[in-house]
Amino acid sequence: MKQYNLNDSYITEIPGKRALSTKDLQVYYGDNHAIFDANLIFPRFQITSLIGASGSGKSTFLRCLNRMNDKIAKVDGQILYRNVDINSDKINVYEVRQHIGMVFQRPNPFAKSIKENITFALKNAGITKKDALEERLESSLKSAALWDEVKDNLSKSALALSGGQQQRLCIARSIAMRPDILLLDEPASALDPISTSKIEDTLNDLKKDYTIIIVTHNLQQASRISDYTAFFHLGHVIEYNTTAHVFTNPKMQATEDYVSGNFG
Amino acid sequence: MKQYNLNDSYITEIPGKRALSTKDLQVYYGDNHAIFDANLIFPRFQITSLIGASGSGKSTFLRCLNRMNDKIAKVDGQILYRNVDINSDKINVYEVRQHIGMVFQRPNPFAKSIKENITFALKNAGITKKDALEERLESSLKSAALWDEVKDNLSKSALALSGGQQQRLCIARSIAMRPDILLLDEPASALDPISTSKIEDTLNDLKKDYTIIIVTHNLQQASRISDYTAFFHLGHVIEYNTTAHVFTNPKMQATEDYVSGNFG
Amino acid sequence: MNAKKMDHLATGIIYFLVGVVILLLVAILSYILFNGVPDISWKFLTSAAQSFSAGGGIRDQLFNSLYLLLLTIIVSLPIGLGAGIYLAEYSTDNWFTDLIRTSVEVLSSLPSVVVGLFGYLVFVIKLNLGFSILSGAIALTFFNLPLLTRNIEESLRSVPNLQREAGMSLGLSHWKTTTKIVLPAALPGILTGLILSAGRIFGEAAALIYTAGQSAPTVDYTNWNIFSATSFLNPMRPAETLAVHIWKVNTESVTPDAKLISSASSAVLIIVILIFNLGARYLGNKLYKKITATK
Amino acid sequence: MDNIQKKLQTKSKATFQDYFGKGICYLCIGMIILLVTCILYFIASKGIATFTKDKVNVFDFLTKTNWNPGATDSHGRPDVGALPMIVTSFSVTLLAAVLATPFALGVAIFMSEFSSKGGSKILQPVIELLVGIPSVVYGFIGLSVVVPFIRGIFGGTGFGILSGTLVLFVMILPTITSLSVDSLRAVPMYYREASLALGATRWQTIYKVILRAAIPGLLTAIIFGMARAFGEALAVQMVIGNAALMPTSLVSPASTLTSKLTTDIGNTVMGTLPNNALWSLALILLLMSLFLNLLVKFIGKRGRF
Amino acid sequence: GNGSSSKESSTTSKSSSSELSGKITAVGSTALQPLVEKAASNFQKKNSKVNITVQGGGSGTGLSQVQDKSVTIGNSDIFAEEKQGIDSKKLTDHKVAVVGMAPVVNKDANVKNLTMDQVKQIFTGKITNWKEVGGKDEKITVVNRAKGSGTRATFEAAVLKGAEAVKSQEQDSNGTVQKIVESTPGAVSYLAFSYMNDKIQPISIDNVKPTDANVETDKWKIWSYEHMYTNGTAKGATAKFLEYMNSADVQKTLVKDMGYISIQNMKVQKDSKGTVSSK
């Protein structure tokens, strides 16, 4: 594999509103330094892709953003959300996760009915009125483009859905909480092409109301759906720019090699 | 997703020697018909890629070739190896598997030392002389391009190796048996780019002595390393041709859509 | 010998071993059932035990066994759950966790008599619980906990991490995630543990002789006042269980039909365990299906 | 806006739920530790009294072969030599384990590697059923079936280590089997695939890969079984003969630590030497089970590659 | 002798039923337990405010617990004086029944009568084959009772007279001994009369048959009392209950049912040293 200068990077300025930003983020798994000085700003109501080779630290970075790495890794630096550093001990992580939702690589619906999958966390967050629950249920399933397929079977087990449907259910479950930001870690990698394209459509629709950050291995997918793209390499953010730039006019050699398939 | 005519297919003629072929192969998981009439001929000392969307039946097909699907699925049709139908009840499957080795998606070394990982199956197969074992150990590790990295640590646990090293160990383990044919099911999908390229190099070297059949999701990989490519779709072999043809001049619409990323 | 022959031989040996064990199991069970079942009658099940004369039944003992089982589960299940959850969800690999595991496992190998005497001196005498179902339940908790804790821990661990992450990422607390998502998913495994320990509770005698006692004062099955001494629900009353009854009948009883009582009681015990086993599985499955909305 | 910022920085219901949950867990753990500490202290203090209060020499206790706590020997020292019981306990335990292990492993292999769901679906509940049969019942089956059987073959009275072993064999079989099944099932599926793909036969795969990988778990299973055998009393007591004699053969009456303890404890008076000496036997049992446990831990650590 | 007061005591307990109350725990001898239990339940029927718990645990347990005042009554089949570690002065003895014991052998041995000396030699291990005492050529298997048990103490006092018993099998219950003797060829042991059945052979000693009548006159030497000890003098409900135990109600029926000999029928009495005198 070619050696690239890891300290050289190109990070673009973000115009308009910011939803979330990191400042000098470092992540350590024990002795393993997995993320070095990540400084990224995520624009509001846009889709940002994180791309990079396997092991480059995309998932690690993403999971820090809603404190899912709390017990697994040591995370230094700041994560700013609404001017609050949410990477602080004093922060109520449960609240953070309600504002910054996450969808995982493998669909992980609860072993409950479709309806309960959505309402469970809502009830827990104090929404108990039946009307409100019904309304959220319907709107989130609609947003995730699942409503038509399941509306007659809401009390069916979520595990009986197909993989793609499960994944959309997980997205619906996340957005039912009305988060600000949605983090997705390779949400389509375990899915067939049909489901994948449905999920891409869904994300495109969601963009109006949510800031979306998505990790993907699939460069075509990144170029299809995202507005901004960050390229990770060995724990470093090498390039961060609009997607069009990253794919057609990369500033860094590593990025160019990666997006053109000549990497490694 | 677009609908394609599944019964329409383009299967090229194979010049030269054949290592293995299937005739009207059908696979059923219970009621689920997973492979329909697969008729493929694998040329000797060449690398053949099997590509296709997730769930299209690539793994299923591959696992039939050395009878690893025996207890899991019902397999009808013929698999011809040295003019013997090895898909018959009378066949000694243990012998088959010694001639047709397999490497899996996730590296799966035994929790034994590196050395024992290689010698385990050899001893089982009756090779017990120390010299012979040592010789096989060294040559197979060399073939898998792992020798230099591990030669001083042969009694170390195989689990202490990195993912890429583990996968090469699994390849070495397979080729230590001196099989004719090597089946690989997405051997690099869990690995980082550096390890991936090492494995690709290894496969290229092995080609002189082995017939290789590899399943991969990664189209670039398929085009880089393989001589022939078969495209699977919903359990049907849609197109089988030289890799150059499949990628640059596909005969079928489905293939074209798939390799150009417009599929689904 | 070639590998294939060896394979056949080994397979043969394993089938032989399994055959022997099955034969043994069948022999033991049928020995107990054949000796006992013919003497089981409705009267036997519903009349009180007799000290000296023939014709005694096992009504009270049977009820006591079930009641003791219930109380023991009530005492030990929460502790086992707490400990199992701790070990599976909160603990990290350190000496403290090791210590807890060792403590729990040491409990499992204590001889029953020792636990019985300990229970007698501490619960019956010192804590003044007297010979009572409650003392018995606490003593049995000693045997029950190791198996139960281990089982709960393993069942929880076998629930994929993805489920935890799903819960956590929605802003649920770790505790809610564990109790409402992971625990229901682990239900079938926990149930197996519960059934196994129920078997041990039904069968235990030595530890109960000194704690729950070995006499069964007549109780009033119409008295629902838990605090009344004669109420069948009073956990503070002494209670002889079926296993203890079998032991007593075999060792000191002068009833002429001791042998009959003993073998019929053994058969009843086995049948009850079987019913419990199947019933718990059935109910557990139903519950699991209800929670997970499958079918 | 401000509202959300504030929410992010203040504790919420979820925070307290977690405190609550942790609290409950620690409470349970605390209770277990308390129970164990109590019982350990209790047995240790009573068991040590033989040596501290009654001035019995520990070495004599462990090596002398004469057990007669009420009396004194020619030197005026109390006659409490526990060696016969220690030897017998070890013998029955080891023999039962040696006998039960192949059967338990056979069944476990059958259940995890051979049988389709049907086989284990029937075996599982039957094995669970065996756990629930009271010791007394095992004891009486032993007394009425095993003892005459042994007498018929080996002569003598039929009481002794051999009968004890056979009864314990059946009693620990379910324990070892069900724990072994667990550990075999825990061996990842891909081990089997890897081995089979190399052309290994099913038996080679089982013997050289699966059993090896499961060794720590299997040893744990065996040792748990042994611990159970070690502590078993009522059943053994009926078939072993209960004679505090050094066993001379497998069919001569002998006495285990637990059977001695169970037989005599009710007839002794708390605080007197005969009673304390019995508690010392319990202490030995406890130390043994502690030792077996540490052994399991050690094996478990070594087993991890 | 407290036999004469039986009628009065039973009337007392009836008349005082309204005011009697209290909690009595009787623990100890497993042999005595069924009798006391049954009597207690009869007693409670008349005195519903009295709560009596009867449990086993062994004579040793009974005596030490009553000495520690952990329980109200300690049931024992042995004199407190005979028990090491018990301060008998603190305890008050209430003899409630007499139990006769006899050597028993497996039918196979073909022996029905022995001399006292032969019995002694068998149990001390001097005689090891039944043919030495006129039986079948078969090895003798001695089955003893647990050390410290009342039955064994009684038997050794009456038969061995200080000699050391041979080391042999020990069992701690009548039921188990009964089953072992029944099924083991050549086995010999001793049992309370109530456990005799037609599958085992009771032995006459010096041609005296082991019968209740012979015990009552001390012609049959191997017998003992069943005791209920209280710490100090029994008071209140406890006293009444113990009185009831010696009433005709119990002595004439329950004691008989249990296979024991009524204390009232005894023509002789025995003290803790084994000295027998006539009443």
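When the chains are written out, they are named A, B, C, D and E in that same order, and each has its own residue count from 1.
The rule we apply is simple: contacts are C-beta pairs under 8 Å (C-beta built on N, C-alpha and C of every residue); 3 or more make two chains touch, one makes a residue touch a chain.
Quick caveat, the model's predicted, so the values are computed rather than measured.
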By label, the chains that touch chain D as well as chain E are C
When each step joins two chains that touch, the fewest steps from chain A to chain D total 1
Per mean C-alpha coordinates, the chain lying farthest from chain B is E
The pair of chains with the most residue-pair contacts is C-D
Per the C-alpha centroid definition, the whole-Å distance linking chain A and chain E comes out as 83
Whole-Å distance, C-alpha centre of chain B to that of chain C, is 51
Rounded to the nearest Å, the gap between Cα centres of chain A and chain B is 34
For the pair chain B and chain D, the C-alpha centroid-to-centroid distance in angstrom is 49
Multi-chain touching residues of chain B, meaning two or more other chains, are 94, 124-125
Listed in rising order, chain E residues that touch 2 or more other chains are 30, 56-57, 172, 176, 179
Expected list for chain C, residues touching two or more other chains, is 3-4, 171-173, 176, 250
In the complex, chain B touches chain C at residues 92, 94, 124-126
Chain A partner, complex, touching residues on chain D are 1, 4-5, 7-15
Residue set of chain E touching chain D in the complex reads 30, 56-61, 63-64, 67-68, 83-86, 141, 146-149, 167-172, 176, 179-180, 183-187
In the complex, the residues of chain A that touch chain C are 66, 68, 94-98, 101-102, 104, 106, 108-114, 116, 120-121, 124-125, 155-160, 170, 173-174, 177
In their shared complex, chain E is touched by residues of chain D numbered 68-70, 140, 143-144, 147-148, 151, 157-159, 237-238, 241-245, 253, 255, 262-275
